[in-house]
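What follows is a pair of complexes built around chain A, which joins chain B in one and chain C in the other.
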Partner chain A sequence: MLIDRSHRGWIIGCLVVLAAATAIYVPYVRHALNGPSGGSAVGLTFGVVGFALMIFAGALGARRKVPTWQIGRGTFWMRGHIWLGLLSFPLILFHGGFRLGGPLTAVLMILFGIVIVSGILGVLLQQVMPRLMLTRVPLETVYEQIDSIVLQLRGESDELVAAACGPLLVDTPPAPAERRAGGGLVDRVGQPRSTPRAHPAPLAPTPESAVLRDAYLTEIRPFLDPLVHGNGVMLNPARAATLFRELRTALPPLLHNTVSELEATCDERRQLRDQKRLHHWLHGWLLVHIPLSLALLLLGTAHAVIALRY
Partner chain B sequence: MSPGAAVKLTIDGRETSVAPGTTIFDAARGLGIEIPTLCHAQHQTPVGVCRVCTVEVKNNRVLAAACVRPAEDGMIVATATDGVQRARRTLVELLLSDHPSPCARQRATGDCELERLGAGYAVTTPRFGHHDASRGRDESSFFIAVDHTACILCDRCIRGCSEVKNNFVIGRTGKGHQAGIAFDTDVPMAASTCVGCGECMVSCPTGALTNRKIVDVDPPAGEEMSAEQLQKLDIFKRMSGTFLDLNRGAVVRRRFEPGEIICREGDFGSTAFYILSGKVQVSLATPMGHSSTRRGQPGGGKGFFRKLTELVLSDATPAPAAAAPRYIPIDASVDLELSNPVAELGAGDLFGEMTCLSFYPRSATVRAVEETEVLEMLRNVLQMLQKDKVFKALLDRRYRERALDTHLRTVPIFNTLSQDFVRRLRDRVELVRFEPGQVICRQGEQADSLYLIRIGFVKVSQAFPGGDMVLRYLTRPDYFGEIGLLGGEGVRTSTCTSLDHVEAVRIKAEDFHLMLREFPDIQTRLAEVAQARLEADAKQRQTVGTVQLDDFLSQGLMEAQNLLVIDLERCTRCDQCVRACAAAHDGVTRLVRDGLRYDKFLVATSCRSCRDPLCMVGCPVGSIRRHPDSLEIIIEDWCIGCGLCANQCPYGNINLHPFMVNAEDPEQPGMRKAVVREKATTCDLSRDYSEPACVYACPHDALHRIEPLKFFGIAK
Partner chain C sequence: MAAGDSRYSAKIRAKRIALEYFKQPHPFRRWRFILSVAVPAVAALWLLVYAVRGDQRIYNGGRVSTAHTMFEKDCVVCHGPGPAPAATMPTAAAPATMLAAGVGGAAPRGYWARVTDNACQACHAGPRHHVNETFQPRCASCHREHGGRALLVQIADQHCAQCHRDLKTKDGAPPAYHASITALRQHPEFAVSLHEGDKVRRVRLDQKAELRDTAQINLNHAKHLKVNLKGIEDVEAQLGSAHLAKAKGGRQLACTFCHRPDGRGEYMEPVAYEKNCAVCHPLDFDGRFVDSAAPDRPAVVPHTRPGVVHAYLRGTIADAFDQCQSIPAGEAGKTLRQRCVDLELVKAPAEPAGDQPRGLRRGGGEEAPAPAPAPDTPRGLRRRSSLEPEIVLAQDDSPRRLRRGSDEPSGDAATGSASGGGAAGSGSAGGGGGAAWVATQLSTIEPGLFKQRCEYCHTLTKSGGAVPQVVPTAIPARWLPHARFDHAPHRPLACVECHKATTSTETKDVLMPAIGTCRDCHKPTGGARSGCVECHRYHDKTQERDPDGPFKVHQLLTGAGR
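Up next is the complex of A and B:
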């Protein structure tokens, strides 16, 4: 979520509550005979309020499972999740008096710390990653379709090179028909809409086309495999540009269009690869945040039951 | 005489009164007086070139051509005086002197209109001699032979080609004796842009354009019928034998046993059916299966929990229900009741016209109830039938008797008309047909009628600086022409053009005003609708005028009323919007998070509620329409899943989704089994909720439903 002016109310509200909690906590610590304790009335109050806020923050996951329930807009829940979740941390610290306590509470505090840090990391990533994706991946598509689109790109490139150099004698499994990346773009000069290419017309064979064929089979085609991730030359835009420039020098003008098409295809492939990478960054932190949050809530509940019962 | 009042005249001593603009020829025909003619055909614009229809008008210095001379008040006409007959005979003699008698047509079928007329006037040897010089033949076409010598320059082929078929291939060329018809730039027929529709051949009164061999059509399967057999049937007995011979195989006789299916809803075809005997049942299977269309609906405890929570938690404010239609329009002379979409047709009924003429999918399933015999025909035959005034009158009568009432009731504004008034209207309305592209009424013209659309689609457009702008598409149960009739000046405010073969009920201005006088509530409601339409038009004009058209046009956004826009700087690609959409629509999402981009915004693939909703054009059962109280496009329950709307939507915003329905097992008659059917779905703005589910669920404030004007304000 992008943190902007619309969060001002939440930030001020949380700061006011934090200030009030601090105003209660400081005299409480000063006057407590045995130091602050989670079992005291004030400590327990901090604990209850803090845990309640944690539960609210955790309820976001449940809320997302029932998106049509009219129990508040998605934005309300997300803002609440961020700011109340953040607020719960100092309250829980007040509850424990800034001490780790026994083994269970120590684990709880460590978990809580990781959850908070991963959450903050997530918020930070959400500030940056969508913008990066917007600028770096103009041909962005639906994430789940990336692999099949890469297969499409490879199939088209095979056809293109075969039309220029003769049969490639490689296995080309039929690519699933998917919507192509990008949809359509406006105000982005030089980055036109990515559309499936028409079947190319065969070109007259030339002796130099062997160069293109070799470069395609050794450098370009492996890069267009959705399962292969590392390829030094094509991955680096500068090195890729050099390769294509060399190809243009070596090949007759008749084949320059083919080279340009391949260059554009590789650029699209690179963008889709970037999209995948950015997507992993954008959502990867959730692999830590969500399970640990669940564990935190579970252990927190156990801690509450044990503490109140015994 | 007040403008618009009937014209009174006397023809051969008999008084008649006709509408202003009626020709003497038509006025005489109304009295049953036949005036011979060669160049005039009822479905073509009269040109008066042959002059054979010449008549005497009292106190006029010269004879007048009846086909083009409008009737005038007090006019006294004589159609068969000696002078008139002499003039006609001379004309026929002159024409015959330049005609190779017997011509090819006369030799083949004996029905050359000129030679028949000559025989009628006992012209054996023309007084003016005979021109033997040939003007040439064109046999380049595989199926039409052109004999320029037999051409009498009546222009019927030219009008048939241009006015009837809109092909504009044939024209006039040359001067004097070398004057003749020409194809395109006077090239051989085979080298021209002629599409071989045969209209010129059918229009030609002589042997100038004749059939060389049978047209290569894909005839329907069944018992082929000869021209003689067909002409023994009532509906074909007035049709030209030449035409029927030419189109042998285009009409077949088919017999069906009880229970046998004649055509199935959603199938594509190109034929119409005329019932000769027996009875058929017309039904729609799809709506009956709709109650089970919900997908992803959890059952058991989960379903119960969901229902319970929805009941307790949901403060959804359902949108006001659309004015519930009671009838489903289909491609036949009856409508189907929504609650029980079954009807019967019997001998003399015609069905499948829209499929035949405009290649729309079949709108219903038709099965024989008893032993049934039908004639299945191709388009050229159906079109000829429709030109036959007797057959048309028969269809009109059937329509008036069986469907006019329900048709009027399907138009919400007219559903309060009393039975008495409908009965009175029944005898006064006219069922009119329009060819594709025909202008029904033109902006600025005097308004003289209200039209209720029965079949087909009508485009409403307005002249606008820089070109015409489409305001809306109309189809049944829409109507048009009311604004002009209600307005003080009484002129048309927009141009209405038929998009395909349109059939409409025409209510004349005087009946319309009578209706308003008798039913003032209808006047109020009509005025409200007219006002709303005018305001919408004005808003649209303003939109186009104030926003940079380039921006709109570049992405087709000019037509949108409501865009689903994603701010890609905010969107974390969590797909919560897609999930919410699926949850709100029984597990099937109507939103794809991909589409056109405008700067940092993505215009998602989701219905835009276009101003010019092309998706609505062509629906064979009229199940896609705009919500009457708001702007979203809704697809009604009785969608038959033909996919036409999905194909028509230029933005890919309509999808077909499969669902299970309990239908009859074709392999085991009488048994039913679960089969997969498809229905079209599109964004309905989550009309059961207070706002679109996707927008409501987005946790990042990235998704907005927004008017294009506002959107461009933001984007800039």
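Up next is the complex of A and C:
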């Protein structure tokens, strides 16, 4: 979520609450006989309020799991999640008197710190990464479908090169039987094609096409694997452009269109790879933020139950 | 169709996407789910393992103090109602000033389990601070647990200042102590307790006119700390140099020669004659009398009450008389014979003058020159008075016995001549003469002893009887009884830094340091600790419980039956 003017009210509200809490905390610390304590009336109040805000922040996940809950708009929950969750951290610090305390409270504070830091990181990434993705990945697609699309691209490229150079004699796994947008599994008369690329018409093989076949099998096709690794030629746009330029030089003009198609496919593959990497940055923090938040709420509840008793 | 081709639109690309892709497993979503289950599960397992083990340490807000480590696994031991004192504590063990049960710490109700005073008092008496105090805090309000391995007695000054900022008493009477103290900087000058008869008066160290040590003992600190004090070689020869200090120009007695720390090193043991004085100031009285347990040493009177000294003297003199009545013949009795000759109980045989023992009357009735007395020192006690009457009761070794406990001779002594024969004079004359001799010796030696030995340090009074009485020394065991002091941490300091003994020449000098001396080091900032509890204790430890607690070991460890 972008932090924009619409957050001003939340920010001001949280700052006001934080200032009020600080105004209570400072004299409390100065006059407390035994220093700040989570068990004192003031400390307990900070703890209760802070934990309530943590629960509210955690409720965002629950609301997302049950989208039919029409309790406020999604943006309201997200803004509340960000700002109230952030506000809960100083309140909990006030609750604990800036001490880690015992084993459970120490674990809680460490978890809370990681959750807050990962959340802040997530918010910052949300400000940067979508724009970055917009400029660097014009062919952005659904993240979960990237591997499937890469396979599609490889299959189409195989057909393209086979049409120009003859059969490639490579193992091509059968495409999964999935229903895709824009049509069914088979072409129907009068309906749009179910695949975005038309099946290429076979060309008469020429001796020079062996160059294309070699380049495809050694450099291009491995790059069209979903699990591409290393730092091959195709990973570098400049080196890839050089390769394709050399191919155009070596191949007759009849095959230049095929080379261009392959170059465009590789460019799309590179974008999808960038999208995947950016997506991992954009959402990877959630692998830390969400599990630790759940653990935090669980342990926080245990702490509250036991601490209130004793 | 090239990627940059406008015909390769989003709509076209959308055809690559499976319609139900979100239903298929995906590593990112799968890992998010796995971690979202696993991490909380690990957290829950952590709690569960501790719960199964019955270990509640993870819930502690901090480590408990060292003394309570044994209870840290079980919160209820302290966070519970605690036993009723009457049920668990022997009546004799419960001091009268113990905090009333449950004062300030209501018994837990329902779900809530606060720490109650009863729980603390199961082990600690927690005697009341002052009978006239207006405010009695809960145990846990001052002694904060879960603060780490700290001492629970390290209480912040604010706790004391709750009352001592504006001290009031329950009965409204003016407080006996300074009415407003919140920190060391506001502490008034120390007040020492001076004994005046049966009364004890507190005098502040800055009240110079009234400040006077009332102890009945004569002591000159400065003289004892003189460099190369007379007799210091003897001290070193007898006791070694452990408590002698090197000084410019020689050696001197260290303060620790007399002032030895007690077993805990907190205070100094009372100065005792036998340990600290006897080596320089022996209570010998006449070189002719020997210690019955060690005949080669001169007799010394015990350092005790004058009546006992009198009895000892009389017994020693009578012993000497008895021994001289049965001197073994020959070489075996030579030493005894010589002593008896010295005592003039036996006539000396004709011997070369050079072998004459000291004090022996020489032939021809001339008195041997006695060693010159040294009137300035106790050692100068003369061996024998020149006024001592000459009584020679025996010219031979005839046995006679002097009856003890009476000035009258015993029957044996009275008939000694008949049984032993050969004694000079008659038996009755001998017995009566023995008693007279003892009385004469006693009357001669005793006044000198009391005058030159006892009165050298003590004040004696004559109250009608023959034996004087020693005025009790009344040396204070504690000068500042309302505070506590630990000499052990102050060991790096020279004693005279605080106690100005080198300039003290009179007993009346009070050598306690003023509070300013303490403040040189004890400062709130950048100095030694300056909290109230450094010197003062809240609880009246004289009212602490007897060392016979109410619990068995398993009860203490597990809380069972508490």
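Worth a mention:
Criterion: the second predicted complex is superposed on the first by the 286 of 310 C-alpha atoms of A that agree within 3 Å, B and C clash if a C-alpha of one lies under 4 Å from a C-alpha of the other, contacts with A are read in each partner's own complex, and residues count from 1 in each chain.
FYI, a residue touches a chain if its C-beta (ideal position, glycine included) is under 8 Å from a C-beta of that chain, and two chains touch if they have at least 3 such contacts.
Keep in mind that what you see is a predicted model, and the values were worked out from it rather than measured.
One of chain B and chain C touches more residues of chain A, and that partner is C.
Of the two partner chains placed by superposition, only chain B is touched by A:W69; chain C is not.
Looking at the shared chain after the overlay, A:L282 reaches chain B, while chain C stays out of its contact range. Once chain A of one complex is fitted onto chain A of the other, the partner contacts of A:Q126 are limited to chain B, with no touch recorded for chain C. Contacts of A:S260 after superposition: chain C is touched, whereas chain B is not reached. Of the two partner chains placed around the shared chain by superposition, neither chain B nor chain C is touched by A:R30.
Applying the stated contact rule after C-alpha superposition, one finds that A:M78 touches chain B and leaves chain C untouched. By the document's definition of touching, both partners, chain B and chain C, reach A:T141.
Within the superposed three-chain model, A:S6 lies in touch with chain B and out of touch with chain C [touch as defined at top].
According to the touch criterion, the shared surface of chain A, contacted by chain B in one complex and chain C in the other, consists of residues 141-143, 179, 182-183, 279, 283. By the touch rule above, chain C contacts chain A in their complex via residues 1-5, 8, 11-22, 24, 26, 28-29, 31-32, 35-36, 38-40, 42-44, 47, 56-63, 75, 79, 111-114, 141-142, 144, 146, 156, 158-159, 162. Taken together, the chain A residues at the contact with chain C in this complex read 33-34, 37-39, 99, 101-105, 139, 141-145, 148-149, 152, 176, 178-183, 192-198, 260-261, 263-265, 267-268, 271, 279-280, 283, 286-287, 290-292, 294-295, 298-299, 302-303, 306-310. Those residues of chain A that touch chain B in the complex are listed here as 1-2, 6, 60, 64, 66-71, 73-75, 77-78, 126, 129-131, 133-134, 138, 141-143, 179, 182-188, 279, 282-283.
Considering their complex, residues 309-310, 313-316, 554-555, 568-574, 576, 579-580, 583-584, 592-600, 602, 605, 686, 689-690, 693, 696-701 of chain B touch chain A.
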